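Please read the structure below before turning to the comments.
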C-alpha cells in the first residue's frame, strides 16, 4: 500500500514538474501579444481564485471584487511612486496586498453579517464608491487619467524593457520578464488556496455555505469566518491588482468598474464554483476570449473588425455575448462548470481503465477494522 | 429656502421613479427569492423600445407597446430560463447569478445598438416647466410623481385584492406550503416578473425625460440605484421599498443641490450617495430599515 | 478550556464524568405561539434522557435552545456551572455539546470532510497556517483525521470514509450526522430522531452504537425519538412534552403507566406499537 502511495506521489510530482517546465517555455517562443494574454490570464486567475474562495466555497456573493483589485493596483502605484511614500517596489507589493486585506477587513461589519446573494448588493456600494474616490482623490490616484505604474525591481533586477537582457538568445523585454513574475505569483496562489480549501478553514467555509446551522453547532464562528473569507478574497484580489498594474504600466479608474467585477464572477461561474482549477480555467477563458476575437476578427464569421461601422458586432461584444450566455448555460445545465466537465471526463476514463468494484451491500454490517483500512486519497 | 424646496421636489420625483424600479425588484424577490440583476437592462430595453417606436406610433402607443413587450420579455425569461432551476432557496441563489448572465447579454446588445447616442423618447412634457409658488418645476417631474402615485396605488391594490396578490404573499411566506395548498408557483412567479418588467419600462421614460438629456446606454446603471432603495426597505416589503426609494431619491437630490457645500465629498458624489446611505444603514441594521426577513432570510 | 485540551490529547476517552445539564423554566414564544412553556428537566451525568411527545410538542425547539440556535424568552440552561442561554452556538459546541438534526444536514464532500468539520472546535489551524501548509497545521490535520477514522469505524462508516456523502444510503447519511457529532468528543450528545426513517436492522445497529457510546465514553445523551421501543430500551429517564408543556417525567416504566401520558400522547393501545 505504501508503495502505491509513493508511486502516486512521484507520479504527481512528475506531472507538476512537466507542467512547470511547459509554463516556462512561452517567453522563448511566443511574441508579446500571446505573452500579454498569458500575463493578463495569470493575473485574472489569481483574482478569480480569491473570488472562488469567497463565493464558491463560502457561498458569499461579491460584486465588489473590482474594488479590491483597484486597492491593490493603486496601492502599489502610490506606495512605490511619486506622489506617494516612494517605497522600494519590492516592499510595495506585499504592502499593497495587505492594504487590500485591510480594506476587506474594514468591510467586515457588513461582510460578516450580510449573507449569500444579499452581500452581492451591499458590495455594489464598494465598486461605485471606490470608483468615485479614484476619480476625485486626484493627489493619490491621478484622477480620470490615472497614474503610470513604476516597474518592479527585485534585488537589482527590474521588470521592464531596459538593459537589453538576452536569455538563450531571446531578447527579454517587460512581457518576458513579467511572465515569470506572474508564474511565481500564480504558483503561490495555487499552493496557498488549495492548502486553505483542504484544511480546517476551508471545510468550515464550505460548511457555512451548505448549512449555516450545521456549521454553527459544529463550532464554527459564523461571523468570524464570513469576514475572514472576505479578507482572504480581498488579498488575492489585491495581488491580482498589483500584477495587472505592472502589466498595464498604467492604472485608470474606469477599468475598475462594475463590468470588471461581473467579469470575475463570470470566470468562477464558468469554471465551476469553488475549485481552484476551475477558477483558473474560467479566468483564462474570460480574459483570452475578447483578446483573441479582436486579433482574429477578420477571420470570424458574424464578427466585424474593431472600429468598423456603427451597429456591427465587434469582437468585444461577441466575447461578451458568449460568456454571458455561458453563465446562463453553465448554471442551468452544468452547474459545476468546466471543472465538473473535466472531472466527469476523467472519471469516465478511469472507470474504463479499472473494472468497477462491487457496490457495498445495502444493509451495512459493522465492518471489522482491518477491512476498513483503505489507502486514503485526499490527505495532503 | 427655494433651493431646499427645489431639491425636495426633485428628490420626490426621483424617489417616485426609483419606487417603480424597486417595487419590481421586491415583487420578483417575493415571488421567486431571486435578486434580479438584469433589472437595469430590462429598464433600458423598455426605454429603447419607446425611443425607436415613438416616431411611428406616437408616444402613448410606443409606451404602451414597450410596457407590454418588456413585461412579456421579463415573464418569458423567468418562465423559460430561470424556472428550469426549480423553486427552492438554493436554486433561487443560482438563478440570481443567472440573471447576471442575462444582464451581460441584454446590456451588451442594447449598448451596441445605442452606441454613443442620446435617444429622445418623444414624451409630451419636453422641457416645459410649471411655476409652483416660489419654485419652478419641470412638468416631467410632476408627471413622474403623479403617474408613479397612481401606478403604485394600483400595484398595492393588486397585492391586496386579487387572488394573484394573495398567492404571491402566500408564496413569499412559505413556498412549499403555498405549493401544497394549490398555488401555482410557476404562474405566480411569471406574473410577478411581467409586472416588474412593465414597471421598469415605465420608469425608463421618466429617467430619460427632462432634465435628463435622454436615454443613453448607461441609463440602466442609474436604475441600479433602486437596489439600495430595496435593501433599505428590507427586500421583501413593498412598503419598505417605497420608503427606501424616497430616502434614496431625497438624499441624492439634496447632495446634488448642496454640491458646493459638500465639495469635500468630491464632484459627482450625488451619483454614488445612494450607496453611501445603503452602507451606513447596513452597518447599523444588516437587515435593512424595515427588514424582518430580507437579508436575514435563510 | 484546559479540561478540553486534556480530553483531546487523551483521544476522546474522558475519565471525568460529564457535567450536569439543567433546563429550568424555559419558555419560547414565536409570534404569539408558545412553543415551550416552563419546561424544566435535569440530565444526570452519564445518563440517557429521552424527550418524547406528539409532533409539534416542542421537542426540536427544546434542542434548538440547548444548542444555542434559539434564545428562550425566559428560563435558563446550565451545563455544570456554565449558563448556556447567552452563548452563541459555536461557543456551546466548544463546551462539548454536540447535536444531530431531524432532517439530515450534512455538507458536500466526503464522509471524512464531514467528520473533520466535527473536529473544528478541537483544532486550531487558522487561515495563515493552512494556506502556507505549515508543519504544525499538517500534523494536526493528520492526527485528527486518524481519530475521525476511528469514530467512523465505531459507527459503522469505516468502509465509506472517503466516499462522497451524497452517494450514501439514507441510513448511512443519518449515521454520518451521528459520527460528526461524536467527532466533537462531546460531553453531552443531543440526538434528534436518530433512527427516523431507518429500517429495522439499521435501527438496531444505531441503538447498539448509542448504548456502546454511553458505556465506553460515559457521555450524557438527550434523545428525541418517536420509536418507543428504542426509548424504553435506552432511556434512564423520560420527559413528556405536550403543546410545549411538560406533562410527565420519570423512568420509562413510570411514564408508560402515567394516565396523563396515555391520554395525551400514547393513546390507549400504543405502548407496544413501535416496539420493533
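Odds and ends about this structure:
Per-chain numbering from 1; labels A, B and C assigned in written order.
What we mean here is this: contacts are C-beta pairs under 8 Å (C-beta built on N, C-alpha and C of every residue); 3 or more make two chains touch, one makes a residue touch a chain.
Every value quoted in this text rests on a predicted model; they were computed, and no experiment measured them.
Separation of subunit B from subunit C in touch steps, taking the shortest path, is 2.
When you average the Cα atoms of each chain and compare centres, the chain farthest from subunit A turns out to be C.
We define each chain's centre as the mean of its Cα atoms; on that basis subunit B and subunit C are separated by 48 Å. Each chain gets one centre point, the mean of its Cα atoms, and the points for subunit A and subunit B are 33 Å apart. In this assembly, the C-alpha centroid of subunit A lies 40 Å from the C-alpha centroid of subunit C.
Residues of subunit B in contact with two or more other chains: none. Counting partners per residue, subunit A has 213 as the residues that reach two or more other chains. In the complex of the two chains, the subunit A residues touching subunit C come out as 191-193, 195-196, 199-204, 206-207, 209-211, 213-222, 228, 232, 360, 362-367, 369, 371-372, 374, 376-380. Put simply, subunit B touches subunit A in their complex at residues 35, 37, 81, 84-85, 92-98, 100-105, 108-109, 112-113, 115, 221, 224, 227-228, 231, 235, 265-269, 271-272, 275-276, 278-279, 282-283, 286, 294-295, 298. Those residues of subunit A lying in contact with subunit B across their complex are 59, 61, 109-110, 113-118, 120-122, 124-125, 128-129, 131-133, 135-137, 212-213, 258, 262, 265-266, 269, 310-311, 313-314, 317, 320-321, 323-328, 331-332, 335.
The touching residues of subunit C, when paired with subunit A in their complex, are 67-69, 88-90, 92-94, 98-99, 101, 105-110, 112-113, 116-121, 123, 125-127, 130-133, 137-138, 140-142, 145, 149, 152-153, 156, 158-162, 169, 172, 180, 184, 199, 201-202, 205.
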